[in-house]
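There are structures below to look over.
In what comes next, chain A is part of two complexes: it sits with chain B in the first one and with chain C in the second one.
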Partner chain A sequence: MEQIVQTLILGIALGGVFALMGSGLSLVFGVMRIVNLAHPSLIIAGAYVTYWGFKLWGIDPLVMLPIAAIILAAIGVILYKLVFEKEAKSAKYSEMTVLLTFATAMIVEGALGGMFTNTQRVTSPDYATDAIFFGNVFIPTGQLYAGLASLVIIGALALFLKHSRFGNAIRATTQNRDAAELLGVNVNFVGIMSFAIGIGLAGAAGSLVSFVFSFFPAKHWEWIAVLMSLVVLGGMGSILGTVLASFMLSIVAAFVGAYFGSTWSSMTFFLALFLILLVRPQGLFGEKPELA
Partner chain B sequence: MMTILTETAAADATSSVLAARKAHNAKLSANADKKRAVWFPIAFLAALLVLPALQFTGNYNYVLHLVLFTACYVTMASGWNILGGFTGYISLGHNVFFAIGGYFAGMIFARYGISTIILAPFAGLLCAFVGYLIGSVTLKTRGPSFIISSLALVMIARILFDHWQFVGGANGVALKSNDLSVEWAKLPYYYAFVILAAFSVWASYKIKHSKLGLGLRAISKDEIKAESAGIDTRTYKVLAFAVSGAFVGMAGAIWGEYLTYIRPNIFLIILVSVNMVLMCILGGKGTIAGPVIGAILIIAFNELFVATLGASELNILATGVLMVVVLLFFPLGIVGTLARHHRLPRILNWD
Partner chain C sequence: MIIKHLLNATALAALMAAPVAAQEGPIKIGASLPLTGNFSVAGSKHQQGYELCVGLINERGGILGRQVELIVSDNRSDPATAINQYERFINVDGVEAVYGTFSSRLTFPVASILAKNGFVHPVPAGGALRIYTQGHKNIFYFQPNAAEYVGASLAGVLKDLVPADAAPKSAAIISADDFFANGVWSGLMGEKVMDPADGSEVADLAPGYLADNGIEVVFSEKWPEEGFSDWLNLANRVKQSGPDMIIGLTASAEEAVQLTRAFKTVRAEADLVYLSQGTQAEFAEGTGESSNGILIHTSWHKDAPFEGLLGGEPFSNADYVAAHQAAYGAVPDEDSAIPFAVCQGIEQAMIGAGSTDNAAMGTWLSGRSKDDPVRSILGRFNWDDTGLPADKPFLMTQWNGGELQFVYPTDEFEGVNPMTYPKGSF
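Now for the complex of A and B:
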């Protein structure tokens, strides 16, 4: 019983981090219809920003979080202007952008590898190695803080999308780009801004990742399929779906890891991705199965 | 297929229509022949076949290695082109077949000593079978979903091969090298790869101009219209997947013995499948000469880059930059762009 509760807690804590990692991806897909394979590599870039802030000046990773988010959002704008703006009118838009984001992921990985080498790194604030005990069940404080921070950010994002004028414009563009444009929404600006917010969320997620996992530039290949499984299960473009999916899959993965060994826990995500694409390509909350 | 049709229909009243169509097709191909130089690929192949004679004059193992390496990638890129170029389904997971071919032939070679060059066709058959199974599942998706599912395939294969103790897990299996002297040791693999590459180019030409190829090209233009025109799109797509997997598998089979090692991080690294994709896109997706030109350019680019700058991280960076530039400015590739402007030289018109 204790082991079940323990596994459940670890799964939920992990799910909180994955939720933030996936929600930026989901936002960018919803508004721009870009399947951003570069998202995990940008998360790692955010992790490096946090790592150096912590290493050089001793700034706490949670304090570095907004800084990493802003830096990455700026990178997102530059990236959009350089790479994706030209493709917006292309007929084979969706496939072209997938290949472009794939190439972007390689560029980011190569640049990070060239600058910081391929050694494994992790930021180590005091709470990262600590744990809170309830009897025999423990919660790692690092993952607890990361999960809470992630929920706060996602909550703020949800409030912003729901109640601000600009958030409504973003949601309108997600639902129907042409209709939103007809009603006077500047869809290009919405596109750039939501791309920036999405990449900014990657930076914020990177700060959390930096003390929850160890990371190195080539690690993002493992995460691409993991994050894709969250976004696809949640329904491409639905942030609520992504959050729910990340809790579901993380809990399943935690149990698989506890009972079958940790190698198979990442297999959970890949197999889930495969199955969802085949059985229910629109995911939990997706509306149109147009990608299938 | 067409000959059977014409024979059975000979007594029919439609035979005159068929005869007229046949004459028309003959005229078209005669016209096409005027625009290309068939002697060039044959002469090129002949030059490659006599190239090892260089070994009599000195040690040119590096040259042989480069040609062999390029031929290996020509095979893989031509195979990828059948699915990615003709059919328009972009797979980033084709190195799974490279691994399956490599492990199948490599393990039999390690246990029973049968040369992988003999085993390569069987590896191809196995990969076609596996490709048929995988394809009939993943090809239900389309566009970005298909690309994502192909990436998931690599991840699954990587975990399986990393933890499969029978094939040595992540450490892989060492294969014994052959007994030939240093200057001739590469020769069997050299000829195997050059002939395999020539075969794959010839075969992709034949496929492109067959009924299957016509159907595949129709699918890449508009799948729904192709389906409503009576093409069995599902069978065609799955066949394309199986055939393209077979070529990649054959290349993988010999590659393992050539390196004297089979290990997941030789076959299942993302750079292998990126190279296949990039070669086709750079040379020109869906053209016959495209993968060949792409392979030559990318291998030369990689060699120059590693020779001058050395670091593999920078190589990844440069590959990414090259990919972005090609996608943004030459999405049709070298052959496609030249053909569009009617400037394709006759020696490169292999279609």
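Now for the complex of A and C:
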């Protein structure tokens, strides 16, 4: 019983971190139809911002979180203007963004490697390797804090999307870009800001990643398939779906690892991606794709 | 007819002149390295090692009176790209020699290409035994031994440094499912090593170093080579198995950091902890005091009093450390030192052969002996018929107080530190 409880806790703890990592990716796809393969590389960028704040000035990664989010959001605006804005009206926009973001990921990786070398880094606040024990069962404080921070940010985002005027504009654009534009929504501005928020979430996730995992510029290749599986399972564009998928898959992966071996735990994400595309391609909360 | 003869004569003259022209330019040497992708941490350090060595050689007047031009390409940690780049070096760039790449995974396929083209293949990092049982003639490994035999050093530590009445009786062994780590695993667990090409048996390592030392394996598991993130779960199950000794066959410093931090979080304890990677400075930075007492094998240590050669003149390990610090502002680790030794070996082969002819260089390297070895910052090298170094032990190091101390073997040279035992908590 203890092992079941422990495995459940570890799965939930990991799911909290993945939830924030995937949310930005989901938001950007939902509003912009951008399949952002560069999202994990921008999470790494956020982790570096946090790392240097911690390393140079001893600023706690959780305190660095809003700073990393703002810096990455600003980078998101620049990136959108440079890379995506011109192609926004293209009939093959989503397809093109796959190639554009793939190239962006490589550029970001190269830039990070050039600036910070390929040496792996990690921030080490005391709570990152501590745990709260209840007998033999423990809750890792690093993952606990990361998960809580993640849920607070996602909750705030959900409130913003639901109850603010600009949030309504984002949701309207997500549901039907053309109709939103006809009703007077400045969809281009909404797009830019949504992209900035999405990349800002990547920056925030990077702060959490910086003390939960070690990282280096090329680490993002390991994450893209995991994050895509979360977003696809949740339903492309559904933040709630992404959050639920993060917890579901992380818990399942933890049990698979505990009872079938570590080799299979990573497979859980890819198997889920395969199955969901086969059985329910729109994911748990996504819209059913229209047939051409 | 006269014109045809003239054209033939001109072509012949051009053909004869071509090698002469090549001999007058710089010596081009190609190295395909994983500068991006999963091996980028080590690959970047290999680039530093090669570039520093070539720079110092050129400052000393080059090799055989010619400057050296190093061509480095990023293979993105991808074997197919590494193969293509070495073929390009040879067939398009016209390199006269090559330096090896990083990791067994990349070295294994590259070895066949270089053998087919008759190039000397100096290997900085490719410890899997299977690489050296393919029958390649001009392959030379610049580390102490194949991965399968790393366990001998751990067994030596247990036999020579651990009191018999306090020796570990049980072990948990966990490993990356990686070419190199699997090799170390095979040696420790006493498995058969098979040739992936035809399924034939390369070596039978039974009973294995652990069984040989009376150690019972109470937990064993591998994690996938890429994309693994469930470190706490794994560390907790190791802890639950209650081993006296923890063996973590990490394939990179990054994995060593993740694993050590996870052990600290779950409050695991063990008398002896051995990792197969983690000599790098970033391991100490990422793990802090948790690293204390962790044993890691290595091919190189900054304090080892090895005497090498560079530009035909003495160049000690201490000289190398100073040069690296001056160039890069940090103390090097073995990922930079090993490629530096490769570069020294190729320089000595060219000087010894009197040319850049790879067949002559291979003959010269094969002819090295214990008394007349290649002299590098990793010590002396001579090789057996397979390309593995002869009679060269790994060094065993241990982190203590943020310093990587050399603890074994005790009779290799002076400056050996006493080993901390037992380790206890992380």
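Brief remarks on what is shown
In the analysis below, the second predicted complex is superposed on the first by the 289 of 292 C-alpha atoms of A that agree within 3 Å, B and C clash if a C-alpha of one lies under 4 Å from a C-alpha of the other, contacts with A are read in each partner's own complex, and residues count from 1 in each chain.
By our rule, a contact is a pair of C-beta atoms (placed from the backbone, for glycine too) under 8 Å apart; a residue touches a chain by one contact, two chains touch by 3 or more.
Because the structure is a prediction, the values reported are computed rather than measured.
On the superposed chain A, the two partners chain B and chain C do not both fit; they clash. Once the two complexes are laid over each other on the shared chain, residue contacts for A:L278 go to chain B alone; chain C is not touched. When the shared chain is aligned, chain B and chain C each come close enough to touch A:G113.
By the touch criterion defined above, A:F216 lies against chain C but remains apart from chain B after alignment on the C-alpha atoms of chain A.
Look at A:T104: by the touch rule set out above, it reaches chain B but stays clear of chain C.
By the touch criterion stated above, A:I153 is placed in contact with neither chain B nor chain C. Of the two partner chains, both chain B and chain C are touched by A:T263.
Touch criterion met: A:K86 reaches chain B, while chain C stays clear of it. Contacts of A:S124 after superposition: chain C is touched, whereas chain B is not reached. Look at A:A225: by the touch rule set out above, it reaches both chain B and chain C.
It is stretch 56-64 of chain B, out of 2-10, 38-46 or 56-64, that runs into chain C when the two complexes are superposed. Of the residues of chain A, those at positions 106, 109-110, 113, 117-118, 217, 221-222, 225, 263, 266-267 touch chain B in one of the two structures and chain C in the other.
Residues of chain A touching chain B in their complex: 35, 37, 83, 86-87, 90, 92, 94-96, 98-100, 102-107, 109-111, 113-114, 117-118, 217, 221-222, 224-225, 228-229, 232, 263-264, 266-267, 270-271, 273-274, 277-278, 281, 291-292. Of all the residues in chain A, the ones that touch chain C in their complex are 3, 6-7, 10, 13-14, 106, 109-110, 113, 117-122, 124, 128-131, 133, 138, 140, 142-143, 213-214, 216-219, 221-223, 225-226, 253-254, 257-258, 261-263, 265-267, 269.
Partner chain A is touched in their complex by these residues of chain B: 90, 92, 137-138, 140-145, 147-149, 151-153, 155-156, 159, 162-163, 270, 274, 277, 281, 311-321, 323-324, 327-328, 331. Those residues of chain C whose C-beta lies close enough to touch chain A in the complex are 35-38, 40-41, 43-44, 77, 174, 177, 221-224, 226-230, 232-234, 236-237, 240, 252-254, 257-258, 261, 264-267, 282, 285-286, 288, 290.
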